[in-house]
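Below are structures written as structure tokens.
Paired with subunit B in one complex and with subunit C in the other, subunit A is shared by the two complexes that follow.
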Partner chain A sequence: MEELDVEPAITNIPAASDGKHLGFAWGPGDILAYETLYMAPGCSFIHEVRKDEDIYSPILRKLFNESHHIFVGLQTIREDLPSKNKKTQFVSISKNYRSVIRACMEELQQVLQKWPRNMEIRYVSILLAIELIWNLCEVLFIDAAPAGPLLLHLLDWVRLHKGDVDEKAREVLQSESPAEHHDYWDVPGGTQTLTEFDVKWRHWHEEVDRCLQDNSFASNQHLEIICKILVGDEDTLLEHKELLSTWYHFLVTRLLFCHPTVKPTELHYYAQSCMTMFLDLRSVPEPLDSILLAAFEFDIHQVIKDCSIALNNWWFVAHLTDLLDHCKLLQSHNLHFGSNLREFLLLEYASGLFTHHSLWQLAVDYFDNCPEFGHVYLELQIERVPLDTERKALKVLRICEQRQMSEQVRSICKIMAMRALRNNRLGSALSWSIRAKDAAFATLISERFLQDYCARGTFSDLDLIDNLGPAMLLSDRLTFLVKYREFHKLYEENRFSEAAKLLLSLITAKIAPRSFWMTLLTDALPLLEQKEVSHSAHCPYLLLYHLTCLVYGFIVFCYGSSCKVDQLLTSLIKESVCRFAGLGPEGLGTPKV
Partner chain B sequence: MCRTDRVPTAGILWLALVVIMFVARSIAADHKDLIHDVSYDFHGRRMATCSSDQSVKVWDRSENGEWHCTASWKTHSGSVWRVTWAHPEFGQVLASCSFDRTAAVWEEIVGESNDKQRGLSHWIKRTTLVDSRTSVTDVKFAPKHMGLMLTTCSADGVVRIYEAPDVMNLSQWSLQHEISCKLSCSCISWNPSSSRAHPPMFAVGSDDSNVTYGGKVQIYEYNENTRKYAKAETLMTVTDAVHDIAFAPNLGRSFHVLAIATKDVRIFKLVPMRSDRKESTSTGPTKLEVQIVAQFDNHNSQVWRVSWNITSTLLASSGDDGCVRLWKANYMDNWKCTGILKGDGSPLTSSSGQPTAMSTIVGSSVQTSQNALNGMSAGRYFFPPLDPPRAGTRYGHLLPPSSLIEHCDAEPIQPQQALPYRLSSRALLPLPEAEGQ
Partner chain C sequence: MESVNAKYVSQKISKTRWRPVSHSSLQQPDIFATGSWDNEDNKISFWSIGNHGSSGMDEGFEGDPQLLCEHKHDGDVLDLQFLDQDRIVTTSSTGAVTIFRHHQNSQTISVSQRWPRVHRYPCDNAPCTGVVCSSPEIVTVGEDGKIIVFRADQEGVIRVIENADSSTIHAVTYLRTTEILTCILYLDDVLLPLHCVDRHPNQQHIVATGGQDGMLCVWDVRQGSTPFSLMEAHSAEMWEVHFHPTNPDHLFTCSEDGSLLHWETSTHSDMPSFLQGGRNNSMISRSAMAPAGGNQSLISTWLSGDSSKGRLETTHMLPSQTLSVNSLDVLGQCLVCGTDGEAIFVNRQVPV
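Now for the complex of A and B:
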């Protein structure tokens, strides 16, 4: 086994004592831990343990939301754009990400002025670090300015993150004044070549140096210091390190005065030596120092790795890596487990979002942009989203439907149908089971409707049943329910002849549940009384005769002979006989079973 | 000097290995005896606990994240080992298994409105499965695509698979399969894959400690033609007692990943061998190539539980060292310990004796260990506060106290010597559906 690169983090569980076991259970987002002993017979606390703590911060929610838009925009940048246009776009996207970080930071600071709390203070320092690193990555990797403009960008970088400009304006100006002379910086970008500029700069440098040697400024100590700084005297700079505050500020100052035409490839050397010189007292560099140094070394993978470990937050590494990947700056290892670095980090970030009750919706777009495992992760995560309300269920359902996740669609509808049925909301249960195309469940609910009708004599959810359309074909029982309800409608509208025909077809099609035959038979009786039926041109008597035969047959088949059935049949047959009397006995015969 | 062309060696590229977790809240479960199992429902909004006090409790999470006990009832006449939820497609259904030799199925019924107002729910017993002659050690529902099926395993070495043919009538369960594993069983796990390429498959572990009995993990696969389960593989390298077993979510892969809790944590890959002859698939179970992916002995002795998170990016295990350890693969499929949950031994007292009382202690106690990044503290207290832009250096005093930094390797090692609490029977009965069919 390889050496451990990083030691695991330890989370203390309150009250769980030594010598006991900790049991646990995974949830969609949390782990439940409890004290137990797997071998002997205690205390019974359960502890809810979470990761991705940042996801739950209301202030960071804005960061997550707004960076999501930028992320989605980045994914739509067309591959076939000329690389120069692309670079401009990537730099502007990088700036957008940073402005979101800054906005979040400023909001946090406003909150802090009112209620200083540890959590927010921590976030401010993390966001500051993130923005600092991101900005440097932008300068070095994304913008990738050549020698000359590179130093300008680095100057901007240091100035942006050196916060106390106003307070210490005088001192800061002392060390940075040359940068104020814009003409000075226009020189290399103008008519001169870099080499010409370099020659002239050296000339000027030598002159200042000679002045110092001549002790021209010895009368004025301050002036002498300024000149020493101008020629980049390292000892003088280090004497004023309290004004520089960080080694990278020192680095940029040193580059400015000693090596204004520094090439990107040389940065690493100066960075390393500046850090060593500056940190001699502290002796150990902070993780942030290592990350910045790795950036100056152009070691992108090290930057990402160190940030992942340092931040315990996937937001930064996932978005930065995605951007760098779009810039084609990452070596594409084809990986064994995840598909690549970008996808690995995006999957982790999006999985974290999914544990949150509203942020999960953002995660969908991230999964969509992970070609290898995005879809299967989405399948596993989305079915765990609690379906608190019908509205939320529909939202989840739409996402699944858009992505042809048929199994998840079916499962969500089934869960909702079952829940509605358990709460006796038959209409909702029916429409969910139709959506799930679950014939067995639709049959079951249709039967409940019919039972309710038998018990109460009325139907509930008429709107739904009357407007099912072809959906009624999902199950025979559902078809019967709809047709039976249609029969009732016809009857109510006094269209008895049509009602009788429909009733007959229901019986001949044999889709009525056996338990319902008695009801059908009872329904048939009043029809026999109706004049419309008896005077219909289409052999009403024959119709009734068939009806009687069939019903008689069904009843005997299903119930055998019983007192109640006999009674009913006797009255039916008597009725028929009376009606048929005019036709003569040959039209009647004995009902055949 | 120029290092732009440096390619990092893949082996050193470890990403986000430190999973920092925090205790969001603690809940007084108020069981009269040891808790043996806690189980989240599918959506993570409910949980069930079971205990040696013979009861099961159901807890519901409210809008603000607090847990409330909404039901607590005596379920068995012995210790309740495990409790598990059916998929919500089948309603609100629990199964429990016990030392009393039975497993039981429970269904929540929608109570009267005043019960709901009081935050209580009613659970009724739908069935008791009494086929086992010894303690029922594990109970698991099969993956939902197989229908409503329940599996038990028991100390007499028998796995039983029951089916509820009518999902609306949970009082009728038929015993579909009885599979003799010949060794006292402690745990079962279903392969969750719903791919048509994978026939139903489960793994069963034995806690028989006699190493001469051979492999303690058996894999069974359903044969469409014989309509029976037949043994596909025995993991011969696992010879010590196995306490828990867990298939990972499949993620659309062709192979299966199985975690095992024995004297250490092991992760196996089971690769179905593609057979060229079609008839061979119809006569026997799929041949599996077994590969060990990882093996960790950090728990020092017995490991009692293993379980995967939803996307199988994290495996958790708990063991005799009293810790829960989290294992994570980087994207090179190398596994490492990434987090530890560990008791701090501090007193935490229950607030009151009411059955639904909650004593919630909100807060976090995160300790980060030393990390290799230049020897500095890992984790969220990582960055020194920087100058905020244009706002002075107001936060310079806000570094974390050094007491929060703890060395990982300073954990006390306490091997456990205790009597086995679970009794297992050696009297194994021959059964009609034996292995190899």
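Now for the complex of A and C:
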């Protein structure tokens, strides 16, 4: 087990009284804490401690939904594209993510203008920081600009975040600059190569330096200061610290004036020194500062690690890591838990989403894109989604069926079927068990139908039973139910010979439950009296034969076998057969049973 | 395809409906209502797209829909209909039916009338799955298999049809003023629940349904229990089907698979289709008869539709696959739909 990097955070549970013992139980995303009776008799409250409140913010929800859309799009980028095209696409996806963050920020600011004491004010600084870090990562890692354009991108980055300050500075500079300075702003990336530019820049730099040494600007103090800034004189720059509110602004400014052709690999020297120079009054750098420094050092893993610790919610690290992984920038090293970094973060994020009553649907797509453990996580989590209405159950079922999670399908259908059964909605229960292909349950429900019939004398839910089609073969009992209902239908339509044939097949197929034998017998008797049946040559005798077997078996079952019963039975059968055939009692031999 | 912008609204949308516009004015609709589901606090909301009578805009999507007002709703909003210009009736997963009134002047919503727990089991609430209204009469159906009739201004329930079915009734629509059609099951080799139904605006015997397997079926209710035509529409449950109210050659369907389809049927030949019926039997898929009762002007092209015959065109209306599209509504040239991705899409230039 690794040592902890930081002290564990302490969360106070305001409702729990002092001095009481607290027990707890882990949930999928939350912890349930309760007061126990160890010391004095306490009250029995259960407190739910939520790890992550961010997912409950209505404005941040838009972030989650929109970024989900981008995430799904990212996963479908084809692997076989040439890397140049892919890079442009990745950069544009990164910009998409950032624009979503900015849209969130703008909306937050609008809300705060109307309600300044809104709780969500804490998200403003978090979103600002997130966007800052993401932008820097885009410049350094995804866009991976070489020396030359690198500085331009860094300039843009700083400008984006310190817009107004830079405006002022630019005005000041441009109002004084001679023509050469215009050339200066035509920075590399255009028509010149890096070395050409470097030579020109050094030439210019020496000239300005010489002007300073010559004291040619001594008369105008402002001009002299500006010149010193242009030369990159650190002390002058530091004197104007309040214009450069942050050390990274200082860094980019210094690079602009001293080392415009800085290479990516040299960045971290300057970053470290700038940070030290700028922050000399403060002792410890803030988390944001160390994250940015790690980025300048191109230590991606450190960036991700620090962000994971600093931020409450996994959204940022999960999406950024996923994007970097697609850019093939993460070395794959296995974590102690077996999956790689990207998958671990996505799983954490998605598990957090699953605890939300509404956002669980987004989590499904994230699990889908975690090849090693995603399926297992989904299987465990999807069963916990509460199923209040049939519509929700159908949606969850669709998710399970699309991923061949047959266990979960069966489990969900069984829950819904039991609920329907409890509310006496037999038809609904039957449809659910058919959907799950659950033979045992279908048998149970068919029994209920048959019991209903015995109790009331009529069937309920005829439309469902009449229209099952091949689904009726799911279970024997169900087949019997359908066929029995068909028998009744035929009888009602006066199609007696067909009815008799059906009844015969029902009896011979032996799928009738024992409890139903009496009923079948009772049904058969009026049939035998129908002219249609009795005049057809073959049928009635077969019917009679089988009925006789049935009766015999039934009586033996009820009363046991004995000589007396045998005799009684034989004479009974003889009598009725003769009566039926219109013969006298002596006209028939003993039937073989 | 024009770009359709999504408006993210921080709630999963279960129903969207346009506010009806008066037939006399040629205005495009400008206000729609939405209901949410699967939230701890569900809401109904009214939105405006700011179409104040200016037709003939080139720009299809001037701005996002703006939220006018919203109100808390107890339970998921399972169905929502406009009763008239100011009132909507909603049905809830708690089995309640509520009428809300939208006060345009103050942009507020108030509860006008409520019937709590009308759909229920002996020991539990039953979600109320569908509603249809023809002011002042309201008919609702629910998972308990009951059909309940109300009047908008009366306290109690007018009529309850118990045990209309032992399964859940998913949807309901008016056939004629005195008949309603409810929507449960259908068979064509397999037993599948139907989720939505809509009646042809001009020809009352034609009904379109969508079901669990994503198949679009068109039925003639006078003729038996098999559908007239069957079209494979979606790869998952179809949640809503709508004929365009004024241009019924157009049909719209939306589904769990995240797509919204626009179906357009057309006759290619010069001859009106009712004359072709007798001679060209291959065009008519299931039924071979012209309708008895000779006053029918046209056999609707829907009844002879078969997607392979090239008389039916289908277009996707959303740019890319999203999470389930739960609901859509179309009026005039405007289409609105809501998804499980917590987004609303509005298209103001539907080609009808």
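As a convention for this text, the second predicted complex is superposed on the first by the 469 of 593 C-alpha atoms of A that agree within 3 Å, B and C clash if a C-alpha of one lies under 4 Å from a C-alpha of the other, contacts with A are read in each partner's own complex, and residues count from 1 in each chain.
Throughout what follows, a residue touches a chain if its C-beta (ideal position, glycine included) is under 8 Å from a C-beta of that chain, and two chains touch if they have at least 3 such contacts.
This is a predicted model, so every value here is computed, not measured.
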item: Dominant toucher of subunit A (residue count), subunit B or subunit C; value: B
item: First (subunit B), second (subunit C), both or neither touched by A:H161; value: first
item: Subunit B versus subunit C as contact partner of A:R78, first or second or both or neither; value: neither
item: Partner chain in contact with A:A471 - subunit B first, subunit C second, else both or neither; value: second
item: Touching partner for A:L394 - first (subunit B), second (subunit C), both, neither; value: second
item: Touched partner set for A:S428, first subunit B, second subunit C, both or neither; value: second
item: First (subunit B), second (subunit C), both or neither touched by A:S460; value: second
item: First, second, both or neither for A:W314, with subunit B first and subunit C second; value: first
item: Touching both subunit C and subunit B, counted on subunit A across the two superposed complexes; value: 422-424
item: Contacting residues of subunit A [partner subunit B, same complex]; value: 2, 4-42, 44-51, 53, 102, 105, 109, 118, 121-122, 124-126, 128-129, 132, 160-167, 245, 264-266, 268-269, 284-288, 290, 297-299, 301-302, 304-306, 308-314, 317, 331, 333, 335-338, 340-341, 344-345, 347-348, 351, 373, 376-377, 380-381, 383-387, 407, 411, 414-415, 418-419, 422-424, 444
item: Touch list for subunit C against partner subunit A, complex; value: 6, 8-12, 37-40, 76, 78, 93, 121-124, 126-127, 129, 143-145, 163, 165-168, 184-185, 187, 189-191, 193, 212, 236-237, 256, 320-324, 340-343
item: Residues of subunit A defined as touching subunit C within the complex; value: 58-59, 61-62, 65-66, 68-69, 72-73, 357-358, 361-362, 388-392, 394-395, 398, 402, 422-428, 431, 434, 460-461, 463-464, 467-471
